[in-house]
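Below, subunit A partners subunit B and then partners subunit C, in two separate complexes.
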Partner chain A sequence: MARPSFFGLLLIAPALAMICALFLYPLGFSLAAAFTEPGGGLSLMHFRKAFDLYSTDILFTLFIVVVSTLLTGLFSIAIAGILTLGETPWLVAALRALYRWPLFIPFIVAAQCMRTFLAKNGLMNNSLVALGVMEPLQATSFLDWRGIIITFVWKQVPFVTLMLAGAMASIDRATIEAGRNLGASRIRVLIELVLPQVVQTLLVGLVLSFVTMLSVLSVPMMVAGSQPTMLTVDMAFRINSYGDYATANALGVISYAIAGAVAWIYLRHSVKREVQA
Partner chain B sequence: MSGRLHVSPANAEPLAVSRDPRATSHEPASSAAGARVWVLGSTVLKILGLAVFAFLLFGPLANLALWSVAERWYTPFKLPVSYGMRYWEVVFRPTGDAMSSLMTSVGIACLTVMVALAVSVPAGYALARLKLPWRTALMILFLLPQAFPSVAIYINVARVFYSIGLTGTITGVVLVHAAHGLVYSVWIAAAAFAAVDRDLELAARNIGASPLRTFFTVTLPLAAPGVMASAIFVFLESLDEFTGTFFVGVPQITTLPLLLYNASMGGNYQIASITALILLVPSVVFMFVIERFLKADVLSKVGQ
Partner chain C sequence: MDSSVLAAIDVDHLQVSYGSQRVLHGVSLSVAPGEFIAILGSSGCGKTTLLRTIAGFQKAAGGAIRLSGRDVVNMPPEKRGMAMMFQSYALWPHMTVLGNVGYGLRLRGLPKEEIRARVASVLKMLNLSGLEDRKVTDLSGGQRQRVALGRALAIEPGILLLDEPLSNLDAKVRIQLRSEIKSLQNRLGFTAIHVTHDREEAMTMADRIVVMDAGRIAQVGSPKEVYDRPNSPFVASFMGAENTLDLDVRPSGAGVEVRVDDSTATALGADVPVGHVTAYFRDDIASLVDPHARIDGSIVLPGKITQRTYPGGHYRYVAAIGDRHFTVTDDRYHELDRPVGLRLPLASLHLFPKTQTTGGHHA
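Presenting the complex of A and B:
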């Protein structure tokens, strides 16, 4: 079997070379820049500077991403739950036709939509005022942390719901029917019977969403003001205004650490599941 | 309990909360009438919930569409003061910035698809059919550029590119987009090849076709819809890419997302909205046709 294996490596080599040159090498570059001092020795000085200047933004980023991920999970479970357990055909059909729309809409377009929709005089406030729900004077701009969270949730819910509804559709209907026949409410069936069977898919979707939201630059730049802001904007600012690669890379390593921590939580969970199984 | 639980994203509606306990406290005698009231109430609630959901979903898009045809729209007015297609003409004027950005964007996206397919069709075939050491690790390696906070990677790519003169060039931007899209093209291509029935290849080999001929006349045509789907993914990914172009392409390369960003930050909401609408078209079209290309047999093999 030595020959096909060698041939296979030959076929995959160009793709591997591309990943090495355009991902692994810059990754090493960023680690090197973050951990070395101007003289050349190893040091944590750039991290000290990053924490001094941006500790608020690090916490702000964590807050935004964690809250957005939790809300995304909650809405996805609700929508996928209705799609799977709903007993009103027209409601399920309408929801199925609707929820997917933002799926492939680019983040930058979503950001531009929200920039106008959530503004003080945007369509949201104007509609609420026109419906009489709100006084014109109560209208406030949502273009701050709330705007970022709303944009992220709006954009990511369809993605997680798509994965979740797919997983829910493929579980054994008999368990659901059994639960319903024994008198369990639909909420209880959803939480106690359906969710445990699809929790792995939910976690994958949420981890991917988490990392995606951590890396988006356009949404925090376009939707929210300057302070406080997310780490991605700080990195771009360090580069574009000061050419300060060291601090920017230290911030980059902090964002790797955040993503790594989430990946670790996920891996630990799936290992535990495999041990149980 | 069956008709009563109303799980909906509009759960926050105070109505939904306040009505539940009342329905349970009805006397048995009036239960038939109560049930009818309940059915009516729950239908009204469902319609309301769906309306709120649709408003939150389409409101932002409606605002975008309004801005694209608003010639004048300022503070006290809830709707545009005057409508017109003036800005559409500005955008679609052959000499305008927007037309040249559109050309740049589409050109870059096509080149990205070619580069990505050129490396990922062989790689996908190898991953699906040939024995490879550490196959899982290789698959995960292709996922990494998508599963990593990308801004920090891009600033270093830009730095490396700067030293070899690739910043601000089409080549540089295409390379960045292709690396980013590689996970789609490699994973989906591998799934597409894995879904091809191996007996058909063996039959072709049995009647004397060479391995190369078998690949080009049997395997590749059968895997073509999947490969096509991966090409569409890469094309869209490149068309919509902002962060990488922001660091590697500026100031010479202005793609549509960068034009949108500049117009929006400059306060020119009409141009920004029209650009956003242009970017929306392929995204929405793709959402409808994706199922035609990505069949269930391929989809079930993605990532394996």
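Presenting the complex of A and C:
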């Protein structure tokens, strides 16, 4: 078996080299930098500084990403549910055609769109005023934490829905019909019979979305004001304004830790399911 | 059926289309309470569509479906109050046996203890006692289909729809479940519609058989009626009379004279259609006789034996009549190539005018 494994190694060598050069080396480097004091010894001083300056932003980031993930989950379940259980053909067809569009729009463009849409005199408020739903004086800007959440959810819902609707389409249709046949409404069928069969896919989609949102720089920078803001903006600021790589690296490690915690929850859940199965 | 009793299911000129393609062309069928109906037909004949439309999973393009007089044709499936068994079992893999069987009761808002008690009695009835907390993915095929039956019966439905529920099971379990379902139906008295392409299954389980062909009902009747007196070449060949023979029937004295291929003629007295007809018959009505025999009420076709096998109990021969071959069983031993006569009792042939023939096939 020596030959096949040698060729196998040869085949994956370019990819492996790329990962090492472009991911593992910088990762190791930034990890090391985060824990190294200027003199060269091991130290937690950069983390102390990161927490002193940015503890509010850490909590703010967590809040934004957790709320966005939950809302993404809710909207995705609703859209995928309509796509799977909907009985109005034109509505299902229209939704199927429309829901994927935000997937093809980069975060930075989405952020720019939201700036013009959510501003005090933006398209949303102007439309509401024009429709007589709201007085011009009541108009407020959404360009704060709400704007970030709206942009994130708008951008990530199609991605999670795409995965979820695919998973729902592949479950045995008869399991849905069996539920309705016994008297379950469509909403009960969705929550009690369909969702438990695709929860693994939903979890994967949400974990990937969580990590993506954690790493987006353009949206918090463009949509919301400077305080409080997300860790990505803080990292960019430490590097661009002060050349302070050490604190930026410490903030990066905190981001890794948050993403790692979510990955751990996911892994624990999937291992538990595999043991059950 | 007694017309004074309100039909449990009354399908009235039901039409169903998939897009622009019509698959049910005005089907009418009345099912009495407590009756067991089998819908029999080949793939694509519309039998599953008919069942799914009754259940509410398929929208009707026209006609009515009345359950005890109440029109349900525009009602969603969850409001129709019937139970259904699916070909794929359709058990919910994330639930236990208790969860699956008790789901219908949970939807009806029964307290937990009562659900548990009723599920236990259903499982006992199906010989599944003690499996409440087992995951359905850990069960065998036969057990899964029993759980599916239990899930359907737990809500004590008035109507049970069965969509080929036995076709994924191996032969032994299938025969066992067949009689279990039938005896449960006798005991509990629900009305059942069973869709199948298995003729024997339909014959053994049903009070009446509905044979469907190309979106229409070809014949409705008791198993014996449909088997012995098919009303069309399609029903005849579907019920196993797959051998065909062209005959020329002419009036002769008190009876008729039957000619086959201008060679053999046998006179008899019988009530059969006159003219060019096609006879449909099953292998088992044929017997071997002397090639020159003249038997009243039967036709005898001369030929010779080309093959002999012994499947046990009797011999099975292949007899060549001209360029056609027929399988026939006989208790006696015959040498190969021996000239024989193939006797076909006229009363057992299904005769239809030749123009109706829709490509019967050789044995």
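The working rule: the second predicted complex is superposed on the first by the 277 of 277 C-alpha atoms of A that agree within 3 Å, B and C clash if a C-alpha of one lies under 4 Å from a C-alpha of the other, contacts with A are read in each partner's own complex, and residues count from 1 in each chain.
Heads up, the rule we're going with is that a residue touches a chain if its C-beta (ideal position, glycine included) is under 8 Å from a C-beta of that chain, and two chains touch if they have at least 3 such contacts.
This one's a predicted model, so the numbers in the text were calculated from it and none came from an experiment.
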| For A:Gly147, is the partner it touches subunit B (first), subunit C (second), both, or none of the two (neither)? | neither
| query | Now for A:Tyr256: first (subunit B), second (subunit C), both, or neither, which partner does it touch? | reply | first
| message | Let me test your reading of the model: by the given contact rule, A:Thr116 touches which partner, first (subunit B), second (subunit C), both or neither? | response | first
| Given the superposition on chain A, which partner contacts more residues in subunit A: subunit B or subunit C? | B
| said: Taking the superposition on A as described, I'd like to know which of subunit B and subunit C A:Ser185 touches: first, second, both or neither. | reply: both
| message | Contact-wise, after the overlay, does A:Gly205 reach subunit B, subunit C, both or neither (first, second, both, neither)? | response | neither
| Intersection of the subunit A residues that touch subunit B with those that touch subunit C | 183, 185
| In the complex of these two chains, what residues of subunit A are touching subunit C? | 172, 174-175, 177-185, 188, 192-193, 196-197, 276-277
| said: Show me the residue ranges of subunit B that touch subunit A in the complex, using the header's touch definition. | reply: 1-3, 5, 7-9, 11, 46, 50, 53-64, 66-67, 75, 78-79, 118-120, 122-123, 125-127, 130-133, 138, 141-142, 144-145, 147-160, 175-176, 178-179, 182, 186, 236, 239-240, 242-243, 246-247, 257, 260-261, 264-265, 269, 272-273, 276, 279-280, 283-284, 286-287
| task | Please name which positions on subunit C make contact with subunit A in the complex. | result | 55-57, 76-79, 81-84, 86-95, 103-104, 107-108, 135, 137, 148, 151-152, 155
| field | List of subunit A residues in touch with subunit B within their complex | value | 1, 4-5, 7-9, 11-12, 14-16, 18-19, 22-23, 25-27, 29-30, 33, 75, 78-79, 81-82, 85, 87-88, 91, 94-95, 98-117, 121-124, 126-127, 129-130, 154, 183, 185-187, 190, 208, 211, 214-218, 221-222, 231-232, 235-236, 239, 245, 248-249, 251-253, 255-256, 258-259, 263
